[in-house]
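Single-structure report; data block below.
Labels A, B, C and D are assigned to the chains in the order they are written; within every chain, residues are numbered from 1.
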Amino acid sequence: MLLALKDVWVHYRKVAAVRGISISVEEGEIVTLIGANGAGKSTTLRTISGLKRPSSGAIEFAGERIDTVAPDQITKFGIAHVPEGRHVFPYMSVVENLEIGAYLRTDKAAIDKGYEEVFEHFPRLRERRKQQAGTLSGGEQQMLAMGRALMSDPKLILMDEPSLGLSPIMCREIAKIIRDLHQLGRTIVLVEQNARLALALAQKGYVLETGSIVLDGPAQELRQNDEIKHTYLGIASTGEADGKSDNA
Amino acid sequence: MAVITVLAVLCVIPFHMGLSRVDTATVFFISVILAVSYRLITTTGDWGFAHIIFQGVGAYAAALLGKHAGIPFIVMVPLAGLVTALVGAIVMYPMLRTKGFGFFITSFAFGELIRMIWVKVKDPFGGVGGIINIPMPELFGLKLFSLVNYYFACMVFMVVSVFIMWRIDRSRIANAWKAIHTDDMLAECMGVNVARYRTLAFTVGCFFAGIAGALVAYRLGSIDPHNFNINEMVYLVIWVVIGGAATFWGPLIGVTLLTVVFELSRELEEWRPMMFGGILIMFLIFLPGGIESLLPALRRPPSEHYARFRKWLTTLRPG
Amino acid sequence: MDLDTFVQTLLNSIQTSSVYALVAVGLAMAFGVMKMANFAHGEFYMIGAYVLYQVYQLWGLNFWIGVVVAIPVVALLGVATERVIFRNTGANILAGFMATVGLGFVLQVAALQIWGHGLMKRIDTPYMGAAEIGDAHVGWQRLIIIPCAIAMLIALRWFLYNVKLGKALRACAQDPETASLQGIKVRNMTMLAMAIAGASAGLAGALMAPVAAITPYMGHHIVIIAFIVIVVGGTASVGGAVVAAIILGFIHTFVTTLVDSTTAAMVGVGIMALTLVVRPQGLLGRETP
Amino acid sequence: MALLEVRNLSKNFGGLAAVSEFDLDVEEGEIRGIIGPNGAGKTTLFNVISGTLRPSGGSINFEGQSIAGKRPSAIAAMGAVRTFQRTALFEDFDTMGNVSIARHLHAKETIFGAILGTARKMELANERRAEEIIEFIGLGEVKHELAINLSHGHQRALNVAMALAAEPRLLMLDEPVAGMNPGETAVMTDIIRNLRKDWGITVILVEHDMRTVMDVCEQITVINFGRKLAEGTPDEIVSNDDVIEAYLGSEDILGEDF
């Protein structure tokens, strides 16, 4: 097992944003956390990468406890975080953004290979390598944030809402790249509000509701499961909802 | 009860100490008005860097009107307050767009502008030389030139000013100010017109700064722009930081304590700025709430202090 | 204003702008990266001048050795300030500012005690003579600061845009949290910013020492100008600070020549007040280094 | 005439249209839900109506009077009061103190009144009213606790109590049950229902927690990409394909080659 969260609780002051969740990620798979907004998905990712300390529970990565590791140490373990809203460095060029992604690496040849790999996945970034990141479109910024994460040659990539605010065409492009990365053997934890998209990409899924896991299983099974729809739309149970919609 | 005791003592002491001490005590009373009125403005979260300048506005108003219009002392002091309040309200209008550090630095800019007007405009402000021969204050035929008499005049103004500000601090208006400090957007949505209330706090604070200024002008007999420079402002900030600004009593503690320290350190003349600078740094790092933040601790039982001490010890261990 | 006066004032303006730029650029660095508003920046400048006085005048070493010594000494002072003050006052800009006001007092008294008080220190001018253009003439010593300032600004730009560490510093200024996720230690970058701030203030102080009046209070005037410059240029913008330094240097010098120095100071402060009220983000907006 | 009439409202940030061509009618006595996916423009809409943001275009009428572009305090004085998504309270004051500050609109005091202490009678009336509100919201037991020491559920309830203290006719609640556990949520749901039943207050509810929205609202407006996506009863909304797609997303965009 590459990553394991064991009964993790996270609080913002008095509020429990994550209430005792346990998650396991095997090497080479895409695992998705889905749920309506406010369910605690982003908090979970921020806790894994050290931006937030869990108030209890354990996080293990490749057999090591990482729940007290500072965020600036987390790349050393091989974890890269693509934050929600992309957060590229707006006044730096595309290449400079990528260079910062490889900040802790020293092997020049490997870094150069990294650039090549990124530009292969994202040919658009090659075209715009000198452009200021802040002037890129939303989709291109998302690509850059993903490329920057790849530059650290991570064993695990955490992606927070990559489809947020993107047009369907751009979503599709991003989705393809996520699938490509998976086929090349990368392990990915994908947080998405767009549940159908996420479940189409992932092998395993967890459904979060107000900080707890309410449903989990292979993505294929979850796709068929009507419960998800009810979780998202706040309908109490299947039977009742069907009855109601018949009346409507 | 405690207040009455303090006042009684203050009434007796001028007859039992040297005249230079009486003058020091007079300055202390003026400082109290200044510090308490500064803290009144900070209750909205608006930490300015120009309060001394507004004291200067009051001083110039008193000096000019006292000299040229012949307005008597008892009328002039509150009138200087009103003039200062008016200037404060005008200056506050553009500053409303800023808050936090922006407000701080903007107030500094406007303050410097006012100060440079004094330097630049010879008529009526007298330029670098300032205004001399401010008429000697007189009250009901009593010459206030006598230090002891002036001591009592300032004491009365101090007591009345502090009492009024204390009443305001306990009112609903002050609660609205404190609400603005905590969360101005929330206060606004609860119906508090934030712009109006910030202006009100600033204006009232300036009114009392003006009173302090008039008292300074009459005490010195002559004023110039140097009386209201940035160093004086820094000392005011030090009083309020060290006493604390959260409660009404913080600045009083600060002024009292530092006046005593200042007097005791007379022989260290040259080292004094370093000492006060060091104290300011230490407080901002180790006790940002000021001395007043220690007061609740005095009420805690000793056992709790011991428990806290134990806990503090554990934080010292490495790892 | 006749032609000679104009040329004279022009030369003075360039020289003044260079000093402003050198001092303000450091203040802007510190403010841009971690919102550290350092009021003791003027005292950094003052210490730079005293270090030169010590090395050049008292020890009799070469002028340039004095300059080279002043840079690391004041840079270290900057790092110490970050570790002792800004690290503890944290996100509260105002508390950091006030603590450095206290630090300013401390440094003034320290200079007074180390180098004695009384009259201002006189330094033999290492470069005598003056450049003469028509009737206008400016002492060589005053002109030295112009190439030095340009060299320092070019070096700084090269560092920020071509060196990995400099790029990390810019990344931190733009988005500290995301920078930390890339493995950049934000604390170290903050210290680095303060070191650069100290170095540039120290350099400016050392270069100005022979022509300025060296007193423990010489930094007071310069820090106010530096704050005006960074407010007008945009508090987080190093480029803006340079542009604003040039503009204010010219305005200041010309107004001083045409009217007087008090009016010049008023115009400067007036521009700052106007900027804060009308366009709080400064001339060059939110651009970061 | 509806209590709140929003017509053709738009709000742009730079080139981005966060809300565009938005119409909304809320009738007196309604409990209206506004929902939408993350980043759909709910909070922007809310901020524009409550005066926290200025609209870029369109009109907002409350009781027939235009409130577009007015200060939040002026809008609150007219009777439309909002709460915040974040827990927003005055931490240094106790429960009573918070509600008492929120009575601001109904406790006019001048600076001279403050000095002379002439407002005592008015303050007593205010205090009684504050206690009534606190009891209604169920905070009687923690009346004298400092706000910062209250539990999260109590803090959120206090937010609503503070809004009530302004005596609104229209109460706009921004995610009142955010971060609450099921027990606390149930209590809040009851409070919202009773607001209308006992006090006749019209409620607009922006909420992530769909269960709560479906539970208490008769009419729901769905917003997506800043525009109105659907409007109707909860039953209509849950069976609306557009809404389902907005919430669950779609895998169709992946295309044939997936």
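Worth a mention:
By our rule, a contact is a pair of C-beta atoms (placed from the backbone, for glycine too) under 8 Å apart; a residue touches a chain by one contact, two chains touch by 3 or more.
These numbers were taken from a predicted model, which means no experiment stands behind them.
Counting steps between touching chains, the shortest path from chain B to chain D takes 1. Listing every chain that touches chain B and chain C alike gives an empty result.
The greatest centre-to-centre distance from chain A, using averaged C-alpha positions, is reached by B. If you compare A-D with A-C, the chain pair joined by more contacting C-beta pairs is A-D. We define each chain's centre as the mean of its Cα atoms; on that basis chain A and chain D are separated by 32 Å. Measuring from the averaged C-alpha position of chain C to that of chain D gives a distance of 50 Å. A separation of 54 Å divides the Cα centre of chain A from that of chain B.
Averaged C-alpha coordinates give centres for chain A and chain C that are 44 Å from one another. Checking each pair of chains for touch leaves A-C, A-D, B-C, B-D. Residues 164, 167-168, 170-171, 174-175, 177-186, 287-289 of chain C are the ones that touch chain A when the two sit in their complex. Listing the residues of chain A that touch chain D in their complex gives 12, 14-17, 36-38, 161, 163-165, 168-169, 171-172, 175, 179, 192-200, 210, 228-229, 232-236, 241, 244-245, 247-248. Taken together, the chain C residues at the contact with chain B in this complex read 37, 84-85, 88-89, 92-95, 97-99, 101-106, 108-110, 112-113, 117, 220, 224, 227-228, 231, 262-263, 265-266, 269-270, 272-273, 276-277, 280.
On the chain D side of its complex with chain A, the touching residues are 37-39, 87, 151-152, 155, 175, 178-182, 208-215, 233-239, 243-244, 247-251, 253-255, 258.
Of all residues in chain B, those touching chain C in their complex are 47, 94-95, 97-98, 100-102, 104-106, 109-110, 112-113, 116-117, 119-120, 230, 234, 237-238, 241, 270-271, 273-274, 276-281, 284-285, 288.
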